[in-house]
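Structures incoming, each one as structure tokens.
Heads up, the next two complexes both have subunit A, just with different partners, subunit B and then subunit C.
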Partner chain A sequence: MVTIAKEVNFSQAEVPLKGTVVGAGDGHRYLPRAYIVSARKREAADTVTLTLKPKDSITDACPLPEPGQFNMLYVFAVGEIPVSVCGVESDGAFRHTIRRVGAVSAALCDSKVGSTVGVRGAYGVGWPVARMKQRSLIILAGGLGLAPLRMLILQVVRSRVDFADITICIGARTPSDVPFLREIRSWQRLKCDAGLFDVRLIVDRADRDWRGEVGVVTALLPRSLTAPELSLAMICGPEVMMRHAASGLVRLGLSRSDIYLSLERNMKCAFGQCGHCQFNRYFVCRDGPIFSFEKVASLLNVKDL
Partner chain B sequence: MSSASDLVGSCFRVSSDVLGLLIRALKDDGYMTIGPRKVAESIQLEVIDSVDDLPRGWGDQQDAGSYRLVRRSDSAYFGYNLGADSWKKWLDPRRKLLWRAKRDGESWEAEQSQMQVPRMAFIGVRACELAAIKVQLRVREVTQAHSSSPDAQSSTLSAEAPAGVPEEPFLVGINCSQAAATCFCSSMHTGPAFGSGCDLVLTEVINDDNHNFLIQIRTKRGAIISSKLPLLPSIEDDLAHIDRQIARVSDSQSRQLNISNPAEFFSRRLEHSHWDDVATRCLSCANCTLVCPTCFCSTVEDTTDVKNAVAERWLRWDSCFHLDFSFIHGGSVRSSTRSRYRQWLTHKLGTWHEQFGSSGCVGCGRCIAWCPVGIDLTAEVKSLSQPTQ
Partner chain C sequence: MTLRTIDDQIADHPFFAGLGSDFLHFIAGCGRNRYVEGGEYLAHEGDDANAFFLIRIGKISIETNVPGRGPVVLETFGAGDIAGWSWICPPYKWAFDVVAREAASFIEINGLCLRGKCEADPVLGYAVLKRFAGMMSERLRDTRLRLLDLYGNDRKRS
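Now for the complex of A and B:
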């Protein structure tokens, strides 16, 4: 009989390391689905809205996005970028409004009707739709920041009676940079019995024909609020504008947890794995892009975070 | 006679020749055996065919910004500490094909690449490296759990998961016989004693003319492989020897990293003046992230053939030290070295806890040795603990 020295305890119970090959089989998560450009509309000098329909069948389509979510759009042999969804058509087609700022966005802007664009999504956390009912809404958009808010505004217009006062403030650099101008004008003409429905437009620099207001979008914020505790604010635009707007709303009496803003960061995977979009403890693609001001206020004050 | 599973939890003594038999047994069982090799002037983790490939008689001397192989006075197989390579190289390949798309006129179709993963056996895993493998797995688990939960509203729900999850690698651990000057696993509680997860744990014992290994069998899989080896019973003192060795290695570590509430520690120091000081030394070269066994950031590369008919997407390692890592139109979010070093250290030691429930650092010290200017994160944390200047 051989005596074998027996260990009495390991530092931890033995647990098998399941699925240890970390990088195996990632392909499917990055696989774009083929969509056809079914319409292309020029919004401004450098901005285009594409309507994208699933190429094969609706069963092969990406899930329908919620307002504020985004898709990853891929152009063959050029690359892929995150783009917010600005609308979903009744037939399940997506609308994306894109400004020409880099190689991929330029290729998207130039894509012809009938061409194929890759789509994967929908990603991220959208606007707090569930918290909006019966509340007064303040919606603030700077430039193309209106795109991720458009779907939300359309929902609000459709079920107007569900909300109290509605204030929409839209800013753009020049009159020719205002996206969705015809739609904005139609919102401004909406008649409303229940509460305020105020759609305001402002430009940084006017041209000869501009008869509206001139200045920064935060100048459109209400001077005071009757019931700030019942208000909810949604902001999208340049980070510096959102910071000022959110601080202004806090001064008007809104709670930081009732102010939401949409952050933009570099994204490669869109599901919290590549690390590019990290904003301190958050992955913007997964934990955002919509954040409550309460979560990010202190972080937004740190330069180059 | 006892069955293989009875061996689990036992410790045996084998002569050093048995190491070759172990490699053979693993290969016969269909494993691709991967272990340390002396390549040029460093130890790298490569495919090994036999015991002859191991860096016998080589050790290393490491310090901040310095790594040198040195001849040992004995013929230890595992007498080195750690090289720049980590097992990440095999678990999360540097570059891999995600999908390939073929163009047909205006239209195209993308097809997922099928990645063949061999059955791998890792020979010579250190305790800190096992801890790093577990951190990597945890990162993966959290990411996947998030993207498959209904609230996450991700499209991966309907995408098909890859068939055939590869078998986890067979892990042969090796107890460290000394610590490098850069080691601080003891203060990170990731070593020098092994946590769970290895199939076998070896301890190399060299006394005068005797060159033996103690072999601790920790899993059934480890027991089945070991049952093919000529095992000798260990004696009571063998286990005590292992404990003494671990205690000695632990005590000899001079570097330490102790932060009591890491997330809070860094969130209170985002504007600390010491970040400017590090930025005067840091070259933003990304060496620390590439040698780090847990850094997981990646990027995608879209490529095309000359006829523009076939496009591919590749995934490759990336680093938060690269200027374009945080690029959005108009410029990079983290345009300064100060902000990039702060991002790396804050994430590795602080926000990692909030994201993945542990530190991202296992105390292997690679980032200290392979930093070309010898930046030492344990020293930087000490400086950050001082009041801002």
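Now for the complex of A and C:
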């Protein structure tokens, strides 16, 4: 799969790149680098978070990603898949949360601490961090959609005073499927003088032991917004949920250009050359995975696209 | 401190936003303030459904008992939400239990009283029904989304 790198032109003009390069030049982005699994944490029955450290040295590491970007993770002799980066440690290690879906993700989920995987990246367009300052933020995550938003949320928590009201809505299937639960609880305990900081969690179904909310995640959206023109929304989760959430936000007065979604398609090369993730005039790997609703609203209802 | 009447409280509730003061007064005539502790039942499945609840503070849930599993929470509602529409349609029986998840304050509207007023004044009846139809439509959409089990791992192959 990685041999495709021989067939493409790596010029900056053709492949717009983002992120801070820690290591060598940009050709670097197209070759897997050896990373060691330094930690493995089980998030749910079929989901784990891997911490990956550069095997040799930080100078031989992939560029640091921006929130919303993804890496290609390569399990030797099995294959390669795109996985969003859910965190970067202070030592440059990446955190990736992976759900067991196919052969490669299963191999990643089963990888032992100390084993080696290949990493190349960071790829794609991330969340609109530059547009977020001084605005009210609505962050909505469904299921494992929280993983691509986690870096963004951590950044928002660190720089809380840079933003107005912050509403974070998180949905999951059942209480035992909630990813990053301990971290969510810590966000819920955060107190802040600078405007609203509301973190709400809801599950699709639960028994009585669950003291939280039960329902669909879109039910957590605010009933009204005092200044929708100053709000910015970031959504990640199943596409059906994102469509309904984005439509609900439009009804609340948000402009389509102020709503961002993270799309998922079958990505292979990760830099817009192979065409696997073509989405009408876009390549999800290169032009996304984060898109404004304005760009993709009309495409989301096209069947088989 | 000004004492807020039920008229005021109903007028402030999002469910009745935009309704004329005459209608609000009619509806308020069927209402009373209630407070319950967590764990208290507001309604039992199968009982006569003669009320609905405008939640002001706290959290309540719609539940049903599943043999072998015990009470299952179907949906929770909080401040600004409404619970109960069995009073509108025959056979006027509660379809599920309604339970306070925590201490809650709400306005209980007597469904028999409001049904009588709606029958007598079809304009009021239509205004009330439109609001309930909108709420039911939202709940049906949300329920359909949950039926999709979107977070389930249906792509799992191995």
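In the analysis below, the second predicted complex is superposed on the first by the 274 of 305 C-alpha atoms of A that agree within 3 Å, B and C clash if a C-alpha of one lies under 4 Å from a C-alpha of the other, contacts with A are read in each partner's own complex, and residues count from 1 in each chain.
Quick note on the criterion: a contact is a pair of C-beta atoms (placed from the backbone, for glycine too) under 8 Å apart; a residue touches a chain by one contact, two chains touch by 3 or more.
Since the model is a prediction, treat every value here as computed from it, not as a measurement.
Touch criterion met: A:Val101 reaches subunit B and subunit C at once.
In the superposed pair of complexes, A:Met241 makes contact with subunit C only, with no contact to subunit B.
In the superposition on chain A, contact is made by A:Gly275 with subunit B only, not with subunit C.
More residues of subunit A are in touch with B than with the other of subunit B and subunit C. By the touch criterion defined above, A:Arg223 lies against subunit C but remains apart from subunit B after alignment on the C-alpha atoms of chain A. Contacts of A:Gly215 after superposition on the shared chain: subunit C is touched, whereas subunit B is not.
Comparing the two interfaces of subunit A, the one with subunit B and the one with subunit C have residues 101-102 in common.
Considering their complex, residues 9-12, 88, 91-93, 96-99, 101, 103, 106-110, 112-115, 117, 120, 133-134, 136-137, 140, 143, 146-147, 152-162, 165-166, 168-169, 171, 193-197, 216, 218-219, 233-236, 238-239, 263, 267, 270-271, 296-300, 302, 304, 308, 311, 313, 315, 318, 320, 325-330, 333-336, 338-339, 343, 346-347, 351, 354-355 of subunit B touch subunit A. On the subunit A side of its complex with subunit C, the touching residues are 46, 99-103, 106, 142-144, 171-173, 177, 202, 204-208, 210-216, 218-219, 223-224, 237-238, 240-241, 244.
Here subunit A touches subunit B in the complex through residues 2-7, 10-32, 34, 36, 55, 62-63, 65-66, 69, 74, 76-80, 101-102, 105, 112, 114-116, 118, 120-123, 264-266, 268-269, 271-276, 278, 280-281, 283, 286, 302-305, going by the rule given at the top.
Here subunit C touches subunit A in the complex through residues 14, 59, 61, 63, 69-76, 78, 80, 101, 141-143, 145-146, 148-153, 155-158, going by the rule given at the top.
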